[in-house]
Amino acid sequence: MEKGKVKGIYEDVIMAGFGGQGLMFIGKLLAYSAMKESKHVTWIPSYGPEMRGGTANCTVVVSDEEIGSPVIPRPRAVIVMNNPSLEAFEPRLQSEGLLLANSSFVTRSTTRKDIRATFIPANEIASKVGNEKAANMVMLGAYVACTGIVSKESINKGLEELFGAKREFLAANMLAFEEGVKFVKEKCPKTK
Amino acid sequence: MTGKIAINEDFCKGCALCVNACPQKLLKTAKHVSKTSYHPAEFVDPEGKCTGCGLCALVCPDVAIQVFRDRKAGGEKK
Amino acid sequence: MTEKRFMAGNEAIAEAAIQAGCRFYFGYPITPQNEICEYMSMRLPEVGGTFLQAESEVAAIYMTFGAAGAGARVMTSSSSPGISLMQEGISYIAAAELPCVIVNMMRGGPGLGGIHPSQADYFQATKGGGHGDYHLLVLAPHTAQEAVNLTMLAFDLADKYRNPVMILGDGNMGQMMEPVEFPPPPKTEFSKKGWILDGARNRPRRLIKTLYLDPPVLEKRNLAIASKLSEAVKNEVRFESFMVDDADIVIGAYGTVARIAKTAIKILREKGVKVGLLRPISLFPFPYQQFAKVAESGKKILVVEMSLGQMVQDVQLAVCGKTKVNFYSRVGGVVPGYDEILREVEKVVKESG
Amino acid sequence: MEVVYERPRSLFPVATHYCPGCGHGIIHRLVAEVIDELEIREKTVAVAPVGCAVLLYNYLNVDCYEAAHGRAPAIATGCKRVHPHLVVFTYQGDGDFAAIGTAEAIHVAARGEKITTIFVNNAIYGMTAGQMAPTTLIGQKSTTTPAGRKPETAGFPVRMCEIVATLPGAAYVARVSVSSPKNVVQAKKAIKKAFETQVRGLGYSLVEVLSQCPTNWHMTPFESVKWVDEKMALYYPLGEFKVPKEG
Amino acid sequence: MTEKRFMAGNEAIAEAAIQAGCRFYFGYPITPQNEICEYMSMRLPEVGGTFLQAESEVAAIYMTFGAAGAGARVMTSSSSPGISLMQEGISYIAAAELPCVIVNMMRGGPGLGGIHPSQADYFQATKGGGHGDYHLLVLAPHTAQEAVNLTMLAFDLADKYRNPVMILGDGNMGQMMEPVEFPPPPKTEFSKKGWILDGARNRPRRLIKTLYLDPPVLEKRNLAIASKLSEAVKNEVRFESFMVDDADIVIGAYGTVARIAKTAIKILREKGVKVGLLRPISLFPFPYQQFAKVAESGKKILVVEMSLGQMVQDVQLAVCGKTKVNFYSRVGGVVPGYDEILREVEKVVKESG
Amino acid sequence: MEVVYERPRSLFPVATHYCPGCGHGIIHRLVAEVIDELEIREKTVAVAPVGCAVLLYNYLNVDCYEAAHGRAPAIATGCKRVHPHLVVFTYQGDGDFAAIGTAEAIHVAARGEKITTIFVNNAIYGMTAGQMAPTTLIGQKSTTTPAGRKPETAGFPVRMCEIVATLPGAAYVARVSVSSPKNVVQAKKAIKKAFETQVRGLGYSLVEVLSQCPTNWHMTPFESVKWVDEKMALYYPLGEFKVPKEG
Amino acid sequence: MEKGKVKGIYEDVIMAGFGGQGLMFIGKLLAYSAMKESKHVTWIPSYGPEMRGGTANCTVVVSDEEIGSPVIPRPRAVIVMNNPSLEAFEPRLQSEGLLLANSSFVTRSTTRKDIRATFIPANEIASKVGNEKAANMVMLGAYVACTGIVSKESINKGLEELFGAKREFLAANMLAFEEGVKFVKEKCPKTK
Amino acid sequence: MTGKIAINEDFCKGCALCVNACPQKLLKTAKHVSKTSYHPAEFVDPEGKCTGCGLCALVCPDVAIQVFRDRKAGGEKK
């Protein structure tokens, strides 16, 4: 929903990328973690054959009120993990909206001036901390850092509960998550 | 009998069935990612061992392989 | 309060069914409701139930017929084309007065269409896509939690009226994950002892049939079913009235569209536009009176559907010319955004001065 | 003198609606006798077809479903899964089992569903008054093959036993007829074996019964039983196609 | 004038189809329309056509799909349960925009029901028993002669709109013999060259499909079909107005019931009761305007149906509260006698003072 | 050097939507090659199924119908009856041909309809993402048999060639696979024979192709072709089940 | 339709008996013959499984105007060929209506006083003229004699055209028909 | 071995299958018409030739025949 249109806690985000980049995963994780904080949440995936091989996306809404539309025509934030996703969702981002792009795959810059865009070399970062597969967690860390919509603890618990995450997996993912937080804090000091 | 093959990267999805099919072991999965974001098959035949047998093409689900053979081999078109 | 679980609508419906005592599920895969099938295949064996993937939707609906006649709580589910294939069977189940729950997670049609959300099977569900005079009871949830509650209710209504009950959702409803709780299902017990087939031991044998070759006899049967349904029409109308009281404009919408409308309403209210939502929860019986009341109080109506105009006919029947019924729709799997609904409401405002 | 033969108890003492000489009557009787002999009346559920035997339930004193055309196996499956201890059987004509219900017929066997099917093959649609059945013989006249069935346009008759016997889920498959005292005795044996197969939980059992339809064949009852022997049994050989491994 | 032939409605429809150029028929027997099947099996080979008895109604409707896509004039027929089985296929045919004619000789339902006349499949026929937004064009003859004329028309409408057309009759209509004439069918030719499948020789290959996975594309398709249908709504409304002008009471009825009503009207007129009949001939598109006019002129309306109330909803939509819509019905195969209709009219007279 | 192998002309030069290693691609190619070799492209009509191959028409440059799930044989029949000179074939998955479309499959063969079916048996529902197919092997996991297919509840896999071969209307019936170069060569031969059977007007022809679905089997493409050879081909023996009498 | 309710030519009749007694046949014949006299006609059978073995009936309406209802709740005339048919249709006959019963099968008399009833031993009469199977034609002859709704010539032509009747068959049937006419003329001189 | 049969005219439809089945030719179609208007089968055994073999009952589609046999015959119930 558009900024300033409602009071209280409210965030929505579309996450998009190749199938296999773990977008669905971090979307669910975000929603679940927020739910554990007693917030209202919805998670809605794109579905169908286009997921196979092609790109996939999901939309997460978090609010302290009952959620109306789980479908977001003009999202407040967008996380994109590849070029086609940038093409698809950059135009839909609302003014002042947050664009988080994984620059390990997204090769062009944004053309919009009215948004807050951050390009994050998520795969490189994730590699550096030992697990390239956790690039998605880097992006989630960045998103959570920018919005503050859930706590790190909730994410940690979410990983454990929702995905029955094994100890090492948990640690590796949380490490990546924190790198994402760090990246944002360092590069975009404006963020709360 | 000598031959060679050409792999169309727009079609190849890197399934590697050809890699397994080549009796001369002349195919391998490339390191690079294609436009379609697969690791395509790569034809590596420095010693010219390819006979143009076409087994790779036979098993390719994506019709990504074109096979050439020396005229004198006189093999029928399959 | 039970613990919140984070579940997709499809899974929530399946789990709710199980908690309502459903132990038999017959179905055939089709997007976007495969998760019901899959969840049932995983969960039913755990609770001593039976999951059976039928060879087709036609077989699935008749397996459902068989299990219902045997006295079980039974469910089947599908999506639009599969539900079309079930029409003969649905008519038979209604004719035989067997209780069961049928889920239709609607997708774009006609034909193979697409797999994205649609509401274009409204007529089929509410007016009878099969032959002969019968009606399904039709419930349309708009959140995963409501899907849980209505699924549980559906089994009770099915038993109460000995009539098939349809849960009418769409792809969005099925795929979307939300927190849900599973309240203990209502402890309503409906004695099935009098008619189920389980072997004629120590009692006269029983029959489940739908053929009545003598017209006056069939007429009697038809009228008996009709009178039973008119009971349901009296008792089972369900709806949500959301900010309707002081509204100048009332949106009529159900399911996914209704929840999207709620966002539009919130935004419009902040802008000072007095708009509300009358959301049919039961599509059959339809809340005619509630819409009539809206019309009588002079409010404008805007019906929004993901169909080319189906529920809007019921709204028109309800308002009977007493107010203008505006209509907005997206079809083919396109889900109307709240921004579109917002625009439409503003148009209605402008037009009505 | 002692009564050596009388009406089986599971059969209501009423006249049937079948035409004079119709095989359905004999087959009903055999099923009732088997039910009596196995003492399973109180745990038997019949599923009647759509076809001349739709009114089966007027004659057999057991719990009965009336199915939709061709769907008896699906209904039987639903019932059997709920009550595995019951004996559930379908009674179906050739239109029901071999035309509109082909998929249900094949798959109930493929699943090895523990039910029994009595499949009455009379090479015609009786109830709707004489149209071609999938089992109508080449050259046979019907109201929809007025010049006799021609394979070029109307295809070949389907042999269901041969098909079902290919399926591992089918435990007992036999074809019999009721055209003569000897064949009636055979038929009863097969029907009994079929029900026993179910009771013993061995899988799906199918008995195809070649049955006369004097009315729609436009023959006297006697001509019609001769036609069963001389014409039908040639294309549809009698015999057991599959018997349970353990006896 | 051609010679009069004495024929049953079913045979008349079959012969009319053949004279309209129908050369392919796929069907499955069911009472009370077997005579269509049987007549076709006898006549089609005589004219070089193909009769094929399908293994089921499901197969029959898709054979019809195949033949229609191949460019043939093709027909199928059935009765209520069989038509229910065709619902998926009908939706596909409408989605693929293939022309064909489907006959439903309705019988009592739901379920196996009975074989006697009924009109309880009205909703299924007119609102869409299948899934997705589509409509059949639906024509309802009331005499054998009209059955002939409308069958011929049906093939033309199917070609004109590339849409399936349904002839909606009942057991009476099919079994009753009457004199009929076969006027030379209209010589309308609709070029099918542009879309039929007959081998891609000297032209780009063609496709007949209904899957559009991209919602906006499917929406476009849906809207295109809708706009085509709205043309039909404009052009193809057909009705008979029988002694309506000076009437105080207008009976709304179609098919068999309408002709029975005519007898009641004759008797009532002799008694001095001013009663008329507005008979929809096309049920889709429905003559809404004509009923609206009746209502506006203050006449009372009595709808008589062999259903528990289906067409009456369309009449209500049309009159929009402007007059009272009375309703009388017999169901389950019972045909209302003219004496009953007469009584009902007199009741309405009394009530309205 | 001479080109000894290249893309068949009847195949559009586009990438497919199939998963890496999927057998559908190979089978499409073989069909296209046969169409090219028989020079019948301009008189061929394909009927696409509902299943992963629903988009067949994006690849094959011939007139195409897209059928409803399981109904391709009925549509093909309608088309072929109108245009007997055309070559009409259906391309169907195992859900399409052996589950929902069983009746149409059996009866198109029973009628001896002069069409060809390429039946792609990948032992799973591909398009809907991995549910059990009627051909899923005992023990095989799928999303609706999470603990592996158990015959007691989910029945036994169906062998369509064996069934169809019992029908007199079927002229050519063969099972092949595309799991190795040798098998691909065999597969093509069978497909060619099948089309020739139709062209020569001998009756119905069916080629069942065992095909790998790496995605839903959760295997690499190479593992999946090995699984075809080592598991599937045991239950579904390769070979010709019926060949036309005259050669 | 009820007597006196409409002007012009109008007759309706229900014919009922066992399947095999030829009721459908004479019904069609009557309707066809009247059609050939340029009258409007309808013939409507009872249909369905009850026809097999059980009783069957048909309704014929003949008029010089377009025919509305082909279904006649209270017929002007009834021809019954067996007891069940008498039970079924006697009560439905309208006042002053015509009941023609085949007394070879109908074993009881009528209980109604307000109708014109004639009992005709049609089988005996038909036997006497050499063809018991033509009992139906005796009844038709009686009906035509009572109502005058079609001419004998039309019936003769109808038999020929509609049923492609062979010469002998034709003669035998017309003979039976005439016996029916004669019977009525002799026994019920009131008839026109 | 002697026997006899009883035919229930309410059930018999006169199909005559029993007439053809009786090895002793003891059944015939009656002249009279039953209540149900069929010509029923009639058991005519003046010489007591009936063995109670039950073949007539075996083929009777209408279960109209009851068969009796002399005790000493000791035949099992069928």
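Read from first to last, the chains carry the letters A, B, C, D, E, F, G and H; within each, the first residue is number 1.
Going forward, a residue touches a chain if its C-beta (ideal position, glycine included) is under 8 Å from a C-beta of that chain, and two chains touch if they have at least 3 such contacts.
Keep in mind that this is a model prediction, so the values were computed, not measured.
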Interchain contact steps from subunit A to subunit H (minimum; 1 if touching):
3
Fewest touch steps from subunit D to subunit F?
1
For subunit C and subunit F, what's the span in angstrom between their mean Cα positions?
38
If you average the CA atoms of subunit B and of subunit D, how far apart do the two points sit, in angstrom?
59
Here the gap between subunit E and subunit H, centre to centre from mean Cα coordinates and rounded to Å, is 55
Give the residues of subunit D touching no fewer than two other chains, as numbers and ranges.
19, 54, 66, 68, 99-100, 102-103, 106-107, 127, 134, 154
Touching two or more other chains - residues of subunit G
48-49
By residue number and range, which residues of subunit B touch two or more other chains?
none
Going by the contact rule at the top, pick out the subunit F residues touching subunit C in the complex.
50, 54, 66, 68-70, 95, 99-100, 102, 125, 127-129, 131-132, 134, 143-147, 153-154
Touching subunit F in the complex, subunit C uses residues 28-31, 34, 37-38, 41-42, 45, 50-53, 55-57, 81, 111-112
Residue numbers of subunit B touching subunit F in their complex, please.
2-4, 10-11, 13-17, 20-21, 36, 38, 52, 54-55, 57-63, 65-71, 75, 77-78
Listed in rising order, the residues of subunit F that touch subunit B in the complex are 1-8, 11, 15-16, 18-26, 29, 178, 180-181, 184-185, 214, 220-222, 225
Which stretch or stretches of subunit A touch subunit C in the complex?
1-2, 5-6, 28, 31-32, 35, 40-45, 47-49, 66-74, 162
